[in-house]
Amino acid sequence: MTPNLHLWLIPVLPLVGAAINGFFGRKFSRQGVAGVALCFSGAAFLKVLMVAFTFSSLAKPHIEFLAPWIRSGSFQVDFSFYLDQLSLVMLLVVTGVGFLIHIYSVGYMWEEGGFYRFFAYLNLFMFFMLTLVLASNYLLMFIGWEGVGLASYLLIGFWFTKDSAASAGKKAFIVNRIGDFGFLIALFLLIKHFGSLNFDQVFSSISPLSAETGGAGLLTAIGLLLMVGAAGKSAQIPLYVWLPDAMEGPTPVSALIHAATMVTAGVYMVSRSHVIFERAPMALTVVAIVGTLTALFAATIGITQTDIKKVLAYSTVSQLGYMFIACGVGAFSAAVFHLMTHAFFKGLLFLAAGSVIHAVSGEQDMRQMGGLRTKIPWTFWTMTIATFAIAGIPPFAGFFSKDEILWRAYQSSWVYWAIGLFTAFLTSFYMFRLWFMTFFGTYRGTAEDTHGDSSHGPDHGHGHGHGHGGIHESPWVMVGPLVVLAVLSVTGGWIGVPGSLGGDNRFEKFLSPVFHSSIAVSGAESHGVATPPEKETESPEPQASHSKELIFTGISVFAGIFGFLLAWQLYYRDPQLPQKIAASLGGLYEAVVHKYYIDELYATLFVKPLIAGSALILWHGIDQNVIDASLDNSAHGANQVSDSARHMQSGNLRSYAGWVAAGAAAVIVYMIWTGTR
Amino acid sequence: MLALFVLLTAVAYTVWLERKVVGHMQNRWGPTRVGPFGLLQPLADGVKFLFKEDLTPPHVYKPLYIAAPMIAVVFALTSIAVIPIGNTITIGSLVIPLQITDVNIGLLIILGVTSLGVYGVALAGWSSNSKYSLLGGLRASAQMISYEISLGLSLVGVLMLTGSFSLRDIVDAQSGTFWGFIPRWNIFYGGQFIAFFIYLMSAYAETNRIPFDLPEAETELVAGYHTEYSAMKFAMFFMAEYANMITVAAVASLLFLGGWHGPLFGPPLLQSLLPIFWFVLRIFGFLFVYIWVRGTLPRFRYDQLMAFGWKFLLPLSIANLVVTALVVALRA
Amino acid sequence: MVPIAYYLILSGILFACGVTGFLIKRNIISIFMSIELMLNGVNLSFVAFAAQWHALSGQIFVFFVMVVAAAEAAVGLAIIIAVYRTRETLNIDQVDLLKL
Amino acid sequence: MTHLIVFLLFGALCVAGAVNLLVQRHPINSALSLVVVMGSLAVEYLLLGAEFVAAVQVIVYAGAIMVLFVFVIMLLNAGEEEHTKGSRVALLFGIPGILVASVLIGWVLIERTGSHLLWAGALPGAPRTIGWLLFHNFLLPFEVTSILVLIAIMGAVVLASHPDADQGKKER
């Protein structure tokens, strides 16, 4: 019997913190609240570390049963936790980054109202996220899934007094609903056809199945539906619209939820159910295409954004697109790898951006920044590292994972590779654009402009807190996490050095059992778009692939550098040039600035008709004319009937007697009529 | 028919007896003129009643006014029917049962009939549309209902001792003696003298006799329920009252005083006639007590009457019932 | 010997008379007496059935009915007296305060 | 034969009394006709052999309850009942309803019980056996009924007890 690790502690600890802060935090001092939050999230992190140390000695997957939940006939769902390499990686990322961001938030949110509320939500999010990661069945996973949605809703709408924040929260929630809908249907299909939701049972019952080439098969349907859910949670086309708006939330939230952890839940889910996808090539293709499009699309939008957080948001979307490409081409390990590194550097980016915003007192518009390099050196350097990382410049973390993905993509189809490459170039371009605009040149903003321009500047509400002094470096509680994350974003990639660069890709090997197990069962299948990556790595002639891989690596690096140069040219050498180009591009530029009018499109396509229809049919039609009307009429009818019937009560004893006699006669007639037949 | 005749004469001579005794008690002679010791007085009274003018006052409710006395007298006389005045007489070969009918619930019939007797009084009081009569009728009905309860309960004790409703059986159960000299009467037996006392009181009330003659209290309501009656109708009420007295006396002597049992001697004919003699003797003794009480006691007030009936007699009779039941149960 | 049906029909007639009296009488006391009449009809049928099935329990029920009737008469007449005291009438048609 | 004759005689008396109860407009006449009904019913009971029932019928019903009625009638001095326009409901629904009901009941009774003959004194309800039954098989109902009567007495006293109606209280 494998030892009991008490995995349940990992999610429950943050929950306890959340409960304490949520219920009693109002009474605590800020130190108290921060202490509680940090204690519990840190405790969760330590617990995960302990688990990680004992991990090698575990039989994998290691399933811990906590309590029975649903038992109906053969169908049963338990509160049980599923620990394998994949979930371990996720655990480390979530708790680690989450802990760091907790620390950061203490400094960032110090001046805010609702301090305890913020940390209660944050811990709550940790709880749900960990539940999601540790779940041993789809239902428990779904609980976590919904829970993180709830937490993100709460945190996006943290400054609920602000319309934009509140509506952004609602938007995120509703858009997620759409995805969850698909997810739910997928679950129902699973229940219907495999009679279970536990990963091991489902997978073991799926493994024997052969891949479906057709698009209409059961697994394909399930895969597509799961993909819908993933798209909703991970902000893929067409459901990505909520993520940029989610930047209304406090920056740490953006870092934690909307960059590092929650949005990657979709990737986690897809790669967790890789067994299904590998047997649904059609679904995989869809995943890949969606990922590609999203990556490109978001990147192009990212170029034109001027709000620092929006830029990061779109870059997040496009990075997620990368991960989905990886999933789509069956390189799940690569996806998870990029997920991890992305968690590092994107979290770092956001935190650094937050630090910048902090420094310039709530300003978010990059055009109001510039020349901050010297003012806030720590932030600058960490931000630099992060930028290089995301731009895919070796030897930073992003390079390895992105390169891995591109290589896999090429192996599956050169189209993916080309678009991915172009996206990589765009990414580095807009990241360096941001970098240059923020830190170089001359300062274009007014230091005392604490309120910024309330049109942009979602942190406006908390801007009040920063009325002191001019531009200033953030306190150490904020800088510390930056440094740690910077280190991680430098070194994070080294655990996955591909063979071509003389590494042996330890990360992939570490993860391989997860993604291998299924292949071992269904190793025979060789057709379909999704050629399992492991087969490639174990292909007979590694040298050729290695040399080829090297070339591609070079190309991608060059793309990154090219982006850097372009940005340098446009935003450092000659800052006037962009306007010219924009003017020359004209309508296209406009479209891009306005995010291709996607929001407006959705508004006209779905939102307005929906509201109108609800108002017309549901509200006036059904609610007023049917439900209310039925109630009113029934009450009215009762009133009428009793009004006429009350004359029976004439107070005249003999008329009562008459009624009684008539009734008795009726009863007797009935009895005799029934009795004589 | 014979029994009816005997009863009527008995009634008449009860009246005579009463007048005589009361007269002597009040240092008067009573009736003396008609016949020796006025023995023919009842006859004269009867004739007088027959020939008097029967006047019906106006404003009376005719049908009931006429029906009331008849109801009274009929019920009074029918109750005699089930009373045995002795065992069968055997003269030579022919056997004469000295009882009109012997139903084995004779006592119940007597009670029922006497309870019906109330109607006569009540209706008379009501129908003859005068305040005296109405008050008399009300009092009569209320008082009779009230005392009927304790009357019946006082009898139940005896019934339990001799588990039968048949008067004959009850009487036969009282033959013989205790220790040779005390007659084995119910009154001496199982503490039934309490029951006898209760019975006596209730009987006085039932028959509207002093000290309970509230319904016909001459001094308050002129003559109570028969104020408005005259001649034969009045005579009927009179007869009904005395017939009731005789019935009550007979029941008392049957139930408590050992019926017709007594020393038998002489020739067989005498022996067969002696029980009747003993029985009639007891009845007249009882009637004498009636008259005696009338001569001595004053009248109750109405509320006293009711209080006496409900708060003293009824609990007492119930207690007696319980004790007797215990005695029977222990003896069984 | 009499067919039991005769007794039952007699009891039915009595009962019907009682109900009719209840319906057409206006004097509270008369209505009350009609109720008693109904009870009597029922009693007769009880006794008749008891005789038919040779089960004395029928007669026992008659006793219960009588006792209940007695109690009912006591209470009911007391109520009538109270009503008369307050309303000064025995006409049921004039005692109809309890209405809407 | 005599049995039948007696039955018919007193049955006719019964029905006459009942009808008289209906037609008489003075309560006291109704009461007396009811007494007649009860008396003849007692005779019917005797015919059926239920002597004890008959006796109790006479004593309790005719001798106590009806006296009570008469007493109340006298006490309240109830006069002729005036003809107020009663409820149409009673006449429209009640009478036809009860007629239908009674006809149906009679029909069913004849139909069901058939011509089961009853002899005079068919079931001798001797007081002894009845008492035995009453105190063995029907003990609980007996006690419950006694409690009911107790409550009824108290209720009557409470209801009728009024300074100006002492007799009402003294009844029963």
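By letter and in written order, the chains are A, B, C and D; residue numbering begins at 1 in each of them.
The criterion applied here is as follows: a contact is a pair of C-beta atoms (placed from the backbone, for glycine too) under 8 Å apart; a residue touches a chain by one contact, two chains touch by 3 or more.
Model, not experiment: these values are computed from the prediction.
**Student:** Touching both chain B and chain D: give me those chains, sorted by label.
**Tutor:** Expected: no chain.
**Student:** What chain lies closest to the overall centre, CA atoms only?
**Tutor:** Chain C is the most central one.
**Student:** Looking at A-D and C-D, which one has the bigger number of contacting C-beta pairs?
**Tutor:** So, comparing the two chain pairs, more contacts are at C-D.
**Student:** Using Cα averages as centroids, what's the distance between chain A and chain D in whole Å?
**Tutor:** Chain A and chain D have C-alpha centres separated by 89 Å.
**Student:** For chain B versus chain C, what separation do you get between their C-alpha means, in angstrom?
**Tutor:** Using C-alpha averages as centres, the distance is 33 Å.
**Student:** If you average the CA atoms of chain C and of chain D, how far apart do the two points sit, in angstrom?
**Tutor:** Here chain C and chain D have centroids separated by 6 Å.
**Student:** Roughly how far is chain A from chain C, centre to centre by C-alpha average, rounded to an integer in Å?
**Tutor:** About 84 Å separates the centre of chain A from that of chain C.
**Student:** I need the residues of chain A touching at least two other chains; which ones are they?
**Tutor:** Where chain A meets two or more other chains at a single residue, that happens at 650, 652, 654, 657-658, 661.
**Student:** Could you check chain D for residues that touch two or more other chains and list them?
**Tutor:** Only 52, 56, 64, 68, 73, 75, 86-87, 90-91, 94-95, 98, 101, 105, 171-172 qualify.
**Student:** For chain C, which residues are shared contacts with two or more other chains?
**Tutor:** Within chain C, the residues that touch at least two other chains are 19, 23-24, 26, 93.
**Student:** Can you name every pair of chains that touch?
**Tutor:** A-C, A-D, B-D, C-D
**Student:** Using the touch rule from the top, collect the residues of chain C that touch chain D in their complex.
**Tutor:** Where chain C meets chain D, its residues are 1-10, 12-21, 23-27, 29-30, 32-34, 36-37, 40, 43-44, 47-48, 50-52, 54, 56-57, 59-60, 62-64, 66-75, 77-82, 84-85, 90-91, 93-94.
**Student:** For a test of understanding, state which residues of chain D touch chain C in their complex under the given definition.
**Tutor:** Going by the criterion above, the answer is residues 3-4, 7, 11, 14-15, 18-19, 21-22, 27, 30-31, 34, 37-38, 41, 44-45, 47-50, 52-53, 56-57, 60-61, 64-66, 68-69, 72-73, 75-76, 78, 81-87, 90-91, 94-95, 98-99, 101-102, 105-106, 109-110, 113-120, 122-123, 125, 129-130, 133-134, 137-138, 141, 145, 148-149, 151-153, 155-157, 159-160, 162, 164-165, 168, 171-172.
**Student:** Where on chain C is chain A touching in the complex?
**Tutor:** 19, 22-24, 26, 31, 92-93, 95-100
**Student:** Sort out for me which residues of chain A touch chain D in the complex.
**Tutor:** Touch list, chain A to chain D: 648, 650, 652, 654-655, 657-659, 661-666, 668-669, 672, 675-676.
**Student:** Which bits of chain B are touching chain D when the two form their complex?
**Tutor:** Within the complex, chain B touches chain D at residues 64, 103-105, 108-109, 111-113, 115-116, 118-119, 122-123, 125-126, 134, 137-138, 141-142, 144-146, 148, 152, 163, 165, 303, 306, 310.
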